[in-house]
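Below is one structure, written out as structure tokens; comments come after it.
We call the chains A, B and C, going by the order they appear; numbering starts again at 1 in every chain.
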Amino acid sequence: MADYVELMGFGPRGWGLLLVRATLMTVAVSATAFALGGALGALIAWARIGGDRTLRLAADAYTTVLRGVPDLLVIYLLYFGGSLAVSALAQALGARGFVGVDAFAAGAIAVGAISGAYQSEVFRGAYGVIAPGELDAARSVGMPRLMLFRRIIVPQALRSAIPGLANVWQLALKESALISVVGLTEILRQAQVGAGSTRKPFAFFITAAALYLVLSTISGWGFERAEAVAMRGVRRS
Amino acid sequence: MKLPNVCAAALAASLLVVTGASAQPKDWSSIRIATEGAYKPWNFTDPSGKLVGFEVDLALDLCLRMKAKCEIVAQAFDGMIPALNAGKFDAIMAGMNITDKRKEAIAFTQPYGRTPSTFAVLKSGALAKLPEPGKVYSLNPDGAAAAEKSLNDLKPMLKGKVIGVQTSTAQANFLEKYFKDVIEIRQYKTTEQHDLDLAAGRVDGVFASISYLKSVVEAPENKDMMLAGPRYGGGVLGFGVAVGLRKNDPELLAKFDAAVAAAVADGTVKTLSTKWFGFDITPQR
Amino acid sequence: MDFAFLRETFVLLLSGLPLTLQLAFVSIAAGAVLAVLLALMRLSGSRWLGALARSYVFVFRGTPLLVQIFLIYYGLGQFPEVRESVAWPFLRQPYWCALLALGLNTAAYSSEIVRGGILSVPFGQVDAARACGMSRALIFRRIVVPQGLRVALPAYGNEIILMTRSTALASVITLMEVTGIASKIISETFRPVEVFVCAGAIYLMLNFAISRVVALVERRLSPQARKRAPAAAAPEPVR
């Protein structure tokens, strides 16, 4: 037990500082992915709700593919394929040589793409909560679409979306562990490095699990608060 | 402007920003070198997260000779070559041997190290008594006949056993080529992982370079591991460890080649390898 | 587009499909049993059983599957006590470790689905059944399960698809299912994009097949939800 504390602590032989930095990296990449997923999810939901047939098909294909293919493959594909694509794009735009997509970017984009597929489902469901009468009324007084979106749709949809989004956030946190396979030094990768270096895998992986549980618990509290705030004044059925 | 268009444009713009467009200058004043970071003592990560090892020291020396600023990054071994070709970095120094198969995908400088490969087993295990421990065989055409005979002599003892090896390595190709139907080959992402499984008894032995295995069996927590069987080099196991570069970067190849040649000639490689391995790994001509 | 290479890769990858299917279905089946147990524990009314079940679900849903796999495979293998125990012939092999990790993981998620299904049965029916003197086992078998299954099936179908995706993680502990074979092919040919696209296509087809089967089972279980035959088309307007 004393061994474990020394191993995970902040002393000279301790891995504590590295694990803390890795935890921050996990939060950073998950948050970036979640934000990207939010933007993507909103776009996709928009396409599925109000788009024409081709847009809707494309959006459907997107969600089907990204929820059907293992996340590990999506991450690998975006890590290797992404650089090739971005380099090609950059070269077409006149840049010389290669443009790198590092592990953080590739991981955030991959998890963001997957998260976007799930978030679009959440947004679609949340949009259905809005009374059509309100939308009709807003349109009939000539509200521009952007204002409609900003003042009518977003506040109400967001309120119903919070539980679903809480779920998707937890998913993003856990998927960030997969980015370890492309070398990003987040919690799991750091645990692996420690385990390999000290031959004590159990200690490191248990600590990793505990760190994820802490992050997930804190997030859960955060979303519960958000839901309480958002539901202020709304009569529960 | 329509909202979806705005969002799509914003997404594209942010993607470009996130990827941090960093086109490499062709004058090679700044080079990114990739290493694995989990292959002691060639390259590994110290507790503070820094990359250290023989190749890290050698890389800094080579960059001094090439008058370039070097950045050393870590990359998983099985993705090394695809990542190099995808432009994530400019050179590989990760204990990677020159093999014919790899030469189809990338270019190599002259080698800066050459060591044979062998088995490591548990002292209490079934393979502790592999014949001819320590005898060196060359798989190149000149020594192929003797090597093949020794390989056949090993087959009865190895039959049905489980041998661990790192994926994507010349050692993995060696096992596939000569022992494919004799043993169960387990491919691991890192050498550290197959060592853990050897200690746990999940595999009967592991096959890797002597330069790596020597430090493993000498580590105090691995008292029950030992080297076993003959040592093999050349042929499918490659012609020595060298710097890997993209095929369409001939100027960088020339610069690295000259630097490696100089480092080998003036004994820098010998000094560094004695420091990290305890013996000289400079390839003998 | 190197179609010859793609075709070759496809065939090679298909050889990993049996292992993928085995891992998915055995872990789902075992996980389902554990899930029912956990759901019953939470609904049993006992504080201790309920707390135990809730903590199990919390731990397994709050940590990534990859961490669970590493913990079970490398973590447990570290201890001589484990290596000398009766479980070692199983834990020694990556196949059983993967099954264990996948099964424990799906049980946590599935137990919530099962619980939702059980709770969805209107209490009035259970009450009436008890009033008629039906035993608890009979109530479970004839009232709760048929109706609860109907409610749980869409979410459970989702879980099955998620589980087949998760089998890809078994490749990190040396198992040669589809993703493991894909990694091996890439390490020999250095062409990651093409190989992973092939592998992705195989998983998509697998998931399509599974979702079709689940939809079929859903339809068979819910005769009242089947659409009526469409009304006869309106006659052409007279010109």
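The working rule: a contact is a pair of C-beta atoms (placed from the backbone, for glycine too) under 8 Å apart; a residue touches a chain by one contact, two chains touch by 3 or more.
The structure displayed is predicted, hence computed values, not measured ones.
Enquirer: Quick check for you: compute each chain's CA centroid and the global CA centroid, then name the chain with the smallest gap between them.
Expert: If we average C-alpha coordinates per chain, A lands closest to the whole-structure average.
Enquirer: State the chain with the largest centre-to-centre distance from chain A, centres being mean CA positions.
Expert: B
Enquirer: Using mean C-alpha positions as chain centres, tell me how far chain A is from chain C in Å, no decimals.
Expert: Whole-Å distance between the two chain centres: 22.
Enquirer: Averaged over CA atoms, how far is the centre of chain A from the centre of chain B? Could you give it in whole Å?
Expert: 34
Enquirer: When the centre of a chain is set as the mean of its C-alpha atoms, what distance in Å lies between chain B and chain C?
Expert: 38
Enquirer: Indicate the residues of chain C shared as contacts by at least two other chains.
Expert: Chain C, residues with two or more chain partners: 74, 77-78, 172, 192.
Enquirer: At which residue positions does chain A touch at least two other chains?
Expert: 80, 84, 181, 195, 199, 201
Enquirer: Of all the residues in chain B, which ones touch at least 2 other chains?
Expert: In chain B, residues 79, 82, 193, 196 touch at least two other chains, as defined above.
Enquirer: Touching residues of chain C toward chain A in the complex: what are they?
Expert: Residue list for chain C touching chain A: 58-59, 61-68, 70-71, 74-79, 161, 165-169, 171-172, 179, 182, 192-193, 196-197, 199-200, 203-204, 207-208.
Enquirer: Across the complex, what residues on chain A touch chain C?
Expert: Those residues of chain A that touch chain C are 64-65, 67-74, 76-77, 80-81, 84, 170, 173-175, 177-178, 180-181, 188, 191-192, 195, 199-202, 205-206, 208-209, 212-213, 216-217.
Enquirer: Would you tell me which residues of chain B are touching chain C in their complex?
Expert: For this pair, the touching residues of chain B are 78-79, 81-82, 85, 101, 105, 167-168, 172-173, 186-189, 193, 196-197, 200-202.
Enquirer: For a test of understanding, state which residues of chain C touch chain B in their complex under the given definition.
Expert: Chain C reaches chain B through residues 74, 77-78, 83, 92-94, 172, 174, 183-184, 186-188, 190-192.
Enquirer: Provide the residue numbers of chain A that touch chain B in the complex, in ascending order.
Expert: Touching chain B: residues 13-15, 18, 21, 32, 36, 39-40, 42-43, 46-47, 51, 79-80, 83-84, 86-87, 90, 95-102, 105, 108-109, 145-146, 149, 181-183, 185, 193, 195-197, 199, 201 of chain A.
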